[in-house]
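Heads up, the next two complexes both have chain A, just with different partners, chain B and then chain C.
Let's look at the complex of A and B:
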């Protein structure tokens, strides 16, 4: 595999993404509303003296940290436009060119993902740091560098898992023609199952254990739990292994579905 | 006047009919949308059940059944808005950007009416049914007795909530006339702006402090959506707030119309 051609794709994609800086920034401004509502909710809940035993031993500081970091990762790990873009490229016949060019469609999308996430990171890091600064007296700061390292690796895995799940669903366009009706559903489902609505620790133990064997908690809950030291090294290894297995499964599934999909592909619109 | 109302009702009936025919041509997609959108509500149902369970059936003074009634009311407001307004108002920036707004202007009907009513989404009907079922179930469980007058005002308050949601969306869309940067992104920014505002409406008001509740009821009154109809049915609310909800709708409608009229004067067309 020649890396240089994908680096070229990344450079073009970077320029394209920088054109939409304003879009990224306004995304944050508007996305701050659910964060503000969640912070209000937990502040009031803890303010009226709810026992932390009722909330899976989460103190106010822990819940606030989970809420801010969870919100940040919910926006950062998932490329919301990927599903729509891939789906429309299949539907409109745009992927025909990838069948002729000496580049892989999957790798091209990975190149887009890397630049897209880089721009997202640079644009959103400052506003989120500002939010953390505002709540610095309540926010939990992890002081162990090793945890930060594992946290970063977990985020990279989260981005890749989220990408592959979205990519796989978009590939369903080969059969369903239009998956846009699934778009809102899948985004909300991922957010819910990943721990975007509330920390998965609030779920009954059986539901938590069941969910941890699916790829979704590794998109959000897992990295945040590592940062908050909710897991010991043994658990991190165990769940990290499950995440790696899911990455392999999703890679294989994407390859199989792409291969079968291309056989069905009739280049509509060309 | 009556003739004019009759004419517009007939046009609206034709719009709804044509949308139904279009939906029935893609029955698979219609069924898929109906099922998936109903599923989304199950997540919120689960969310409230977990919160109620974790806080011993007392989430900031709301019992489990009160929370379910709140959720049912939210689903009714949200899905009615999605059925009647959502796919209409959010098309404006794209019309302005592409210049297709010209085709709306030349039609022999009121342009705002045309823009606001052309599309009707039937796939949210499953959500409306879900909302009705949830409110009915929780209302019975709360032990309230049926009152027709109470129910009628509840329905009117929900329709008023939908009206306020429409006006928030419409006002945000009108900004596309004034800021070309907004229209160049299509409906993305106003759409996000709308849901950012709506987020403050979709949780019980008790999560806010009393000052914020006053602010969100009288200054930036998003609590008139969902919270007010819900409180009318299962809690207490002052007649002053109910009157304010209707007065606010009328004032907001007038303000949005001024923005719309001024915006039309700024419209320069595009690509034509």
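Let's look at the complex of A and C:
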């Protein structure tokens, strides 16, 4: 069975991930610092008396909830190492090994993704719950179970979309040899377009509408907006459909670019 | 016929750049493509169970040939057939029958024990559990690493790791094993162990082996058939003995006298004389061999004399000497 092969890859990569337990704790410390800065920033903005009408009707509570959840999802949905890893595997010829294995490279990377997201989840859930607990008086709790269900589905889609966008960019290494500069640029741009710096609701309507037709908001803004009930069921359906279409487009693009890249790789040997 | 290579050519297109900063700046806008012919019209065929060594300098086209045979790169022209598969299509049935080990690329999980990599290989290649256990035990025993398989790969020495690489690529019982510089960077003892293992493995399991190496000893002790590649061309193809025979009309003699003998006093007719620290290395033509040896023996008391055929190393020096 093909699936069992990928399950085995997952098991091995899970062990590999756990070898670096310490890594997670240190990363977490570094992750929490920007969140603290964000929260302080918004506290100051609301503290000086900016009215919520000027901030797209976001109350302090809403802004705080968005900031904490957005920060958490930014860390959780995006695999920061993926782009660099795939890119260096192409550049250094490590993919040769995969070309000779009876499994596909893309699916192998999906297996890695699933395991390292699981490990991330386990590592991140406690610290972020602690953060939420600290702000429990201001944090907005959603009490409807159905929303949680949709929220979780949206997160899974977010992980996959983020993965495919990064994978696609990494495949550019077949042509560009070095995508490190692209990496720095794309990571910050994508985070911005996904709503990682501030909620996309602050954007003018035309920019918001335009963005919602790109894959980026579905990496972060969309799930958070669902949790915060910023969207009615009709809107969720509408945007959910767009997200699904993007998943298909990105899958096809990844397949095409991979095929052409490997052809080039095989022709030049790099 | 297991492997059949016909008139294969491989061209690489590379960006050529003018020298210096000016060239680099110019290169940003327009690049001239240069074509390099890495493999030039090579044909050969290999039978099941053969053990073939590719010999040639850096950039001769050895690795390119191995990569084409294993399906990693496509030939620009010509055809390759490996058990009725076209390697470049990378069909699953093909992948399960071949194995490629590159001395400078690892197939193991760096942070996990070798056993984890072996076990993953078992699943990926659908090896039945009992077979897997048997093969793993056999391989780890004959390479003497049975006690190391639980150790994280990153803590293994280079030699130990290379042995694990060999095991992981032989677990699924491939019909042909491609080796590219399998002993690169290893100490003499590890080199010897790996050579011995490969030789025995080929004898016992009839696995076809194709290998490249810079170390002639690797090839000499493992392979029976040699292919000399130079500038992308196959210049000689034959058994080891044939090649040595063909290229050595000479006999090599090392001689050391008890008393001091001057180089000028040695008899005429010796093809070449190489003074060593404590004696001379002489190359003598086979036809004049008897007479000259008699003269050498009469010259004084001999401390040590060592007579041998030409080694492969001498032959290679001879073949590539004119480069």
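Please note the rule applied: the second predicted complex is superposed on the first by the 264 of 270 C-alpha atoms of A that agree within 3 Å, B and C clash if a C-alpha of one lies under 4 Å from a C-alpha of the other, contacts with A are read in each partner's own complex, and residues count from 1 in each chain.
One rule holds in what follows: a contact is a pair of C-beta atoms (placed from the backbone, for glycine too) under 8 Å apart; a residue touches a chain by one contact, two chains touch by 3 or more.
Everything quoted here is computed from the prediction, not taken from an experiment.
In the superposition on chain A, contact is made by A:182 with chain B only, not with chain C.
When the two complexes are overlaid on their common chain A, residue A:85 makes contact with neither chain B nor chain C. Contacts of A:12 after superposition on the shared chain: chain C is touched, whereas chain B is not. Touch criterion met: A:54 reaches chain B, while chain C stays clear of it. Between chain B and chain C, the partner in contact with more residues of chain A is B. Contacts of A:99 after superposition on the shared chain: chain C is touched, whereas chain B is not.
Taken in their complex, chain A has these residues touching chain B: 22-23, 26-27, 29-34, 36-37, 40-41, 44-45, 48, 50, 54-55, 178, 181-182, 184-185, 188-189, 192, 197-198, 202-203. Those residues of chain B lying in contact with chain A across their complex are 29, 32-33, 36-37, 39-40, 43, 46-47, 50-51, 54-56, 59-60, 181, 185, 188-189, 192-193, 195-197, 199-200, 203, 206-209, 212. The residues of chain C lying in touch with chain A in their complex are 12-14, 64, 67, 70-74, 88, 90, 92, 95-96, 98, 100, 102, 105, 107, 109, 111-112, 116-117, 119-120, 123-125. Chain A contributes residues 4-5, 8-9, 12, 15-16, 19-20, 93-94, 96-97, 99-103, 266-269 to its touches with chain C in the complex.
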